[in-house]
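Contents: one structure, followed by commentary.
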């Protein structure tokens, strides 16, 4: 039995509130149950120095956690003077995932930065970030297209991400914090709208796992992403 | 005429949403018009090293701005590796203001950190932070008292803060971003429930000002704080 | 009674030694009693990147305290790897104050950096810095004018700063360290030669204060700045 | 056809030179073809502060790349003042992988730091680090057991890691730099001696991939790890 | 001919003003011609963590240069966030030199930090720092002895330092900035009162030098240090 | 008697393995007994900003120590976020020494960075770095000449470095760690092929020394460098 009382393949309630902030070119507040992440997409008409003059664009992600998003207060990274390894790992994953479904040539020489800031954490903040980050990015790009600044939509696919894990020996979908902190393995899958995989990461926690478990978690992830795609569609169209 | 169309002594709409996040001992989302700040109060049962063993408590403030809280995206302070002078100035002001109405001896040897994170900025983020920070702090302290961990309420007063400025030669109350960026002077007042002053700061921007202007702004601040106290009361009691 | 034995409206002896160092375009050693600050003004023929090409100049301040300027040795900020919030707050105040009396358009595309380094501290280092910083700046500008590099003097006013406080319930002028560390409120006023205010900051320390106290401190500040203006005049002309 | 001329399931030559440095409690120089990593294991009789007094040990990994290990010189991380996100991601992976096969309770209250420093890079530095890191760790632990400081071997399994990728649409094993920089997906598998998985990471590069490709890469990884285990066995026993 | 017009073995005028600041346990302002360095010695009743409980003391040096001590303004190290390699090299030299003439056992478990801050630079700041640093240190130690906190003087010798160089092929003593920036070799000697050497450093600048040149510079250094010892004696006794 | 059993003027075995890594334009692994340093020379076709457009080249050195190169593991400088004073002092010495024998005008507008990374430390790492760094630099320059990118060899001399010390009152050559940590003085000499001196540094450790001792160490250094020059010649020609 899961602490949350959910069935193994049952997601938490997903909500996406588009346009949560007024300044960003695209934004949403995404919730996976009690996990809430504010995602904003900011367009700049210049790319990083190493990309200049190639006529290509760039999409990058940044991630942060408010100090008291968690059970006990964490130190503010700005005050400590550096981002943790975990933060950097997550923001690299966000950027990579969003670039996997963006045609950077079609984007033109501009950069879109997707900021994912965790307002409240209850497990799955990185997958909520990617799933909500895509919504913010798509809203920003839609505005570029609507304004005539872009002729063609450079977004090639939808993309969503979800965590899975092995809890009490059983693969389960969308772990909350109580489940995550006791899981035997911790997986994150980033899937595209056409069913392909952009990223699969599965880490043993306490006990290693076998190929069967990996595949069962991947199948759970497909179930989860189908629900997320539906929530994204409801907001975008 | 103010860009906002407000009368010189007219505040923006103030809203305070208590309990905005679930982990913090006290929290609220405070809005002064389009400015929105998430304030959380976190209690720890230990004080900074230089205060240990004195039986006294400590209240401190931290301040941050989400990268796209503003019109154009700002660099993430955690990524740049340090907090700006502006950030440090503001968080020192928040902590000082809240300590001005807290009896640190009565608090006992514990620290309360009030985090003020700007979700959306439209002028007046530091005064919204102090006003909302007090609500978060008071909620956390009320919980300490309710649970019996504290016998007496160490909070000696209400406290609120508001900005004023000179716009087109006229003192006005509660400047939004459009007004603030064109004001001839920029003032912040932190007032206590009994009408006293905890902090007065008034900076010339472009043109210096006279004593009369300072006094007229202080009187506007009293009007503003009266409204904020009412909003705080509605939430706390 | 003040620990210093001074009357409430009595300043410490002010001395200003112009040309204290030979390399700077302008410099002085200013003393408010035992507080001694070395102020230098350095001219560069280029402005910060965000100001280039606008034909305007920039004046900025930097502040430092020698490690043993104080009663007990403080850590060297260069060794700790960052400037404290206090340091940043003070140097922002110095720059703002000096810009309040400089016509940046008339200055032309050059930057003047005013460094204020505290050789010995006994209260009031930030106000001594502003008062002496103005002398260094004015000397540097006079040299620019004398050499024909500037046609018109961009300095629009004299400026001076002084601290006040409430000691034993009584407003007093120009606090030394012993008084400052026991004051009930701590105020700094930056006044211009024509009697206007460039900056007013008044912080409650331990007890909040009322409007009457604020005004009485402002009047003391006027007395103090009159003396500082006289000392500046004696050096400049 | 692979640039290296190897068959899709063909590893590069693996060599492990144990005892490469004299000070470390365990060490080896591991080569996967032209990739060479120096791995050292250092034992300390104390654990990080957050683990003290629990009677448990800790195993952690650190990773570095000599500035000219690569085709073009990279900046020295010590000179830049921080470790890159990539470095932190890799060293977190090394530590996690080694802990997956270490019984931390049996290790007792000591920490073993496994440093993996890349002398020469030609693809696969992180998997060589894990595979060689295990050898260094095992040698250090064997010495602890031999000296009587440990009664039972806390190492529960062998562990090895290998990269796979999709090159020209074909899954291939053990990519060198020329292959890696043109691969359509980049996977790293960390496998234990009993055939289980400690970590699976598969990232789309340019094109997303399907479940079939993931499984084929996993099977290639099993082939590769079998060879690595044999090389480890030859050195350890 | 030297730019300064001095004879090859002629020092600049040396002045030492003891007690230049009031808070430090020992202090002086030392001048070698136009080079002026403020030296303070600060006593703390605790030693660095790695020395605790050994009953021994520690003497350390720190060095800084005010931003406009030089011809063109240098960036403030505190603002840049780190001390330059040159600064670190110099402060290590100061500490080492002073420890060479201090009996750390006799000092007891206390630390004396000698801060050397360059007010104005015209060549030879590091040697002025050592020579003046010794005066500050000796004054602080004399006060410890006078107050009865120390029974025996732990200072075993006088120590002084001076620079030499090869200018136009000729060894010369005590280079000022104009000479130093054109010298063919740059040497610093730290000598003790009994004629021994604590440190000799001689660096080729542009052209290498031979043993004869090294010896001739050492002999010049003896002449210079004799003058410095006399100036120290005049102040100390 | 020396702990190593060597005669006072006896070097450890020197070996130089050229071409130790494949990417660098020049490289070698140099050993002085158990001290092993990997030296690589990397050519870039651009010079630092402050040298651009002068048609001159630049040679610089960087130094690092692998964390477990030493008896007890040291913290990784990249993880601590800064290079120690010792590291900076050494890398400044390496660069200065190599520039002393390079005609920067003849090098043309390119920079060569010589990285010296200590694989294993047993005393004398800085002198091994300079001696091996010269080999790496020379190999890189030879390749530039061979490829026709440089017409004339900008290398004006051989250069080598060796440490000496006073052990039990006796000057000895080439100290290993056991000797170095008990030496009464610690000297490093950098000599050129024609017998001149590029750098002499001699520091008292525990006891000061006299001119005679300095000269005797310099003579030992000549013996040592003769052996190093021979080892360099064997590799280069």
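For reference, chains read A, B, C, D, E and F in written order, and residue numbers begin at 1 within each chain.
Basically, contacts are C-beta pairs under 8 Å (C-beta built on N, C-alpha and C of every residue); 3 or more make two chains touch, one makes a residue touch a chain.
These numbers come from a predicted model, not from an experiment.
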Task: Target subunit E, source subunit B, minimum contact steps - done: 2
TODO: Compare the CA centroid of subunit E with every other chain's and tell me the farthest one.
DONE: A
Task: Computed distance of Cα centres, subunit E from subunit D, in Å - done: 50
Task: Centre-of-Cα separation between subunit F and subunit D, whole angstrom - done: 32
Task: subunit C and subunit D, separation of their C-alpha mean positions in angstrom - done: 58
- [ ] Indicate the residues of subunit E shared as contacts by at least two other chains.
- [x] 81-82
Open item on the list: Give the chain order around the ring, anchored at subunit C and oriented so that subunit E comes second.
Closed with: C, E, F, D, A, B
TODO: Enumerate the contact residues on subunit A facing subunit B in the complex.
DONE: 21-24, 27, 34, 38, 40, 42, 44, 62, 64, 66-73, 76-79, 81-83, 87, 113, 115, 117, 119-121
Open item on the list: Which residues of subunit F touch subunit E once you look at their complex with the stated criterion?
Closed with: 82, 85-86, 88-89, 91-92, 96, 100, 157, 192, 195-204, 208-211, 214-215, 218
